[in-house]
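Chain IDs A, B, C and D follow the sequence of writing; residue 1 opens each chain.
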């Protein structure tokens, strides 16, 4: 089966300020193996050239559909937001290695920041299916950018921070760390690099800690060597798109 | 009023093999002054960059609409043919100096070849309105590419040639020259350069002969100096987009 | 205070946007589309001593996000330009850069001397980088000794500031820039076009009658930015950045790379209103990016 | 007779299409997408004597119809490549070009000597044009004396044909090509990337961690075609054309400019199937354009 296909846009709607929910349909959905994998979209615009990577926020293999949540940040996402329902878009994927959902785990902590939050949704769903108790620690810039609160609430405990305090607790996510329980089987995180650094520092010597990294990508499938991250104590770098995007925190240098 | 606008596509349909009729609507139509003027279209595609020039085949100033007939020749015209009715396209124009419709003329000859034929349609209409007797000498490659025969027939006498003889007379247009009447007030022509050369040679020392020229264009309004043609006995070239595209045959060197 | 204003030798500009030589004709066509007083400065098409016909057609070709041109310096020649064309610019309260070219040093000198005496001319721009003429043009711009000598000679006869427009078709643009600086240039314009070609699939020959042509448009933007950055960090001359600009963000990238002002060329063919549109958008975009003033931005970039 | 077949020194290709070094990894990822036996030839990512980490990230950036990269020759080093990676290519019945780089002449010599002894290697491609490393790389490729000396030295120790991959970042590519020819090169690959830059509007610094990067993709196609055309008319070496190819028409333009075969790089990132797709389209397009054979097309172009 080809890694490349045309995916049909079922929905493409703003759900919070500059944050869109994109539902795509296609046979590629069958091939998704783990939450945390991503797809590489070719946005049909004169203003872009390379593909753009987006994590899967959720997928329904019975319906051949998956959901992506994206934020308008630059040219490509701005153009993506213009695409109408019913049109098709070239998709490469699913790509990368996602989160391993260990069925033995009883209690896990999922930490997400900003537009790093989406992949934690499917991860939470998968853990819920296994009967694992899930706590979400989510950080947003402000109330306007808050999304998916109700959806997360259905999956477990949700602790929310906003930088300006306009929703939930006020502060950055690491303010919550001292207040959390201490009996996690594992910690999972996705978000901006400073946040991932804080997560690594705080949790990785106590719990298996998994981080989903972001890097600027060209190919998305391991052939351009554009998206590397240094390995702890090893000389060869790892490729975020192919070896990751999810890594054990102790394995990579941020 | 701006020279640039969004024109709405009212129709974009194949009318002969690879030949499309494009109807555009917009306020620019008001500003059209003469048959033989052209518009410069920005085709919204990743595969093109510059605008593409197309002659006006007809216009209806009461309806704010004009018609362009184009042939698929390369990337841009292929992409243009994809555009759906209802969408809008960036248009620069009307541009250039077209054919002067002298109301004193009683009998004129209009010679067109291939995709140079379209501007002669409006020219014929304008002459008909003035009561001038019009004869069209039209050359096509073959029957498949023949278009607008009925429309032309309503305006005057039509003599048609195809290169392979599959429609009308067989041969190139110049085969007809010796057979034509000799009492024209003026001759008008648009088509491939070899044809224009033959027209110039045969008619320009007997009748005022007007030629509409084609050149590869960048700007379309006289600022890049890309589309020039040499002037007879003068050193400064003329710009096809701004001084033309219609010139007196004796004025330019082909 | 005008946050958009920038001042360069001879060019007191209310904003950093001016058109590029050869992409703006002699101004008139654009003057019919919008008020040229909105622009930071105006510019002429290249002026040579004698009238030039230019190259045979096809002179232009399309490329991915760019175009090739081989106009070949078509212009009416110094005398006719002075007699017939310069007066048009007098109706605008905007500085004028006169772009000049030649086949010999002497030709540059004569043209520079006469043009710098015209009251409407605020500064000269030496085009030593045209890739489309057999003599002079780019050959002047690729040898640092010739650049030094030419600039020095032109400076001697010019009574207005002299900008030197450099070619990117060189192994080391910094070396050429330093030669121009040593020769006394008051500023640098970079870049002119990259040397390129397209083939005609039907004839199997080069598409342009001239064979090669100059590549411009968004495609060349990263090369132009690199040249500006390298030169901004190796000389202290003010730089007019040019090459592929078509958006307000492109303009800001050039200033962040060290340019003091910019020129916009090919983008005018796609959207003739691109210059006033960008000028209009500048302040809002500066606010979004916390940029207080454009002169300040350049200063930071070069510090 | 196979109308698509082309034969170059050491490379008997069933069609003129091969991937470009650095845009195809070490082949495996593409081998999972399609049968690599369809290709005219295979190629390795640059191999250096010692393992290289490459540059810090960001290493890639987008540009209009192009991209910048500053990978910096990341690879596992000669020994590991020979021990672990070359065997993969043995399963294909297609010639292999090994792309090699180094910081010193001696490094190039050792790598060339050892790689040319590997039975799977059909020919070497000397990368003397990488703009993204501090030592060696492009500095080797911009001075004709160094090129001559390096090529001569590598030729002495190589037992397979040697292609020299040239940089377009030079004043006169013909001079460099002639130096490679004089040094004994069996063929030329042109072009490597153009030196470019993008700025990050938020940090106001260069976007790539390395500052500058190499520009590739459709944007550079006209520059690449011009280089191929110039060199094809000034040397008699076979040329592998590269730079911005993404369609079957692009391939034909390169052959019409004088190339004998082509490499496809950046286009693989947009469409990983681009090589087999183009191979598939070649014959139909040749018919439409009345091209009897590709070798004939190149021959005509260079006569």
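Definition applied: a contact is a pair of C-beta atoms (placed from the backbone, for glycine too) under 8 Å apart; a residue touches a chain by one contact, two chains touch by 3 or more.
Note that the structure is predicted; figures quoted are calculated from it, not measured.
Trainee: Which chains sit in contact with both members of the pair chain B and chain D?
Mentor: Both chain B and chain D are touched by A, C, going by the contact rule given at the top.
Trainee: Based on mean C-alpha positions, I'd like to know which chain lies farthest from chain B.
Mentor: Of all chains, A has its centre farthest from that of chain B.
Trainee: For chain C and chain D, what's the span in angstrom between their mean Cα positions?
Mentor: 34
Trainee: When the centre of a chain is set as the mean of its C-alpha atoms, what distance in Å lies between chain B and chain C?
Mentor: Computed value for the inter-centroid distance: 36 Å.
Trainee: Just the number, please: Cα centre separation of chain A and chain B in whole Å.
Mentor: About 56 Å, centre to centre.
Trainee: List the centre-to-centre spacing of chain A and chain C in whole Å, with centres computed as mean CA coordinates.
Mentor: 46
Trainee: Quick one: which residues in chain C touch 2 or more of the other chains?
Mentor: As it turns out, chain C has residues touching two or more other chains at 63-66, 217-218.
Trainee: By residue number and range, which residues of chain B touch two or more other chains?
Mentor: 46
Trainee: Taking chains as nodes and touches as edges, what kind of graph is this: line, ring, star, complete or other?
Mentor: ring
Trainee: Dump the list of chain pairs that touch, please.
Mentor: Pairwise, the chains that meet the contact rule are A-B, A-D, B-C, C-D.
Trainee: Quick one: in the complex, what on chain C touches chain B?
Mentor: 22-25, 29-30, 33, 45, 51, 53-54, 57-67, 69, 71, 74, 76, 217-218, 266, 268-273
Trainee: Under the touch definition given earlier, write down the residues of chain C that touch chain D in their complex.
Mentor: Contact set of chain C toward chain D: 63-66, 68, 142, 169-171, 194-199, 201-202, 204-206, 211-213, 215, 217-223, 225-226, 229, 244, 249, 252-253, 256-257, 289, 297, 300-301.
Trainee: Please output the residues of chain A touching chain B within their complex, sorted ascending.
Mentor: Residues of chain A touching chain B: 44-46.
Trainee: In their shared complex, at which residues does chain A touch chain D?
Mentor: 2-4, 42, 48-51, 90, 92, 215-230, 235-237, 242
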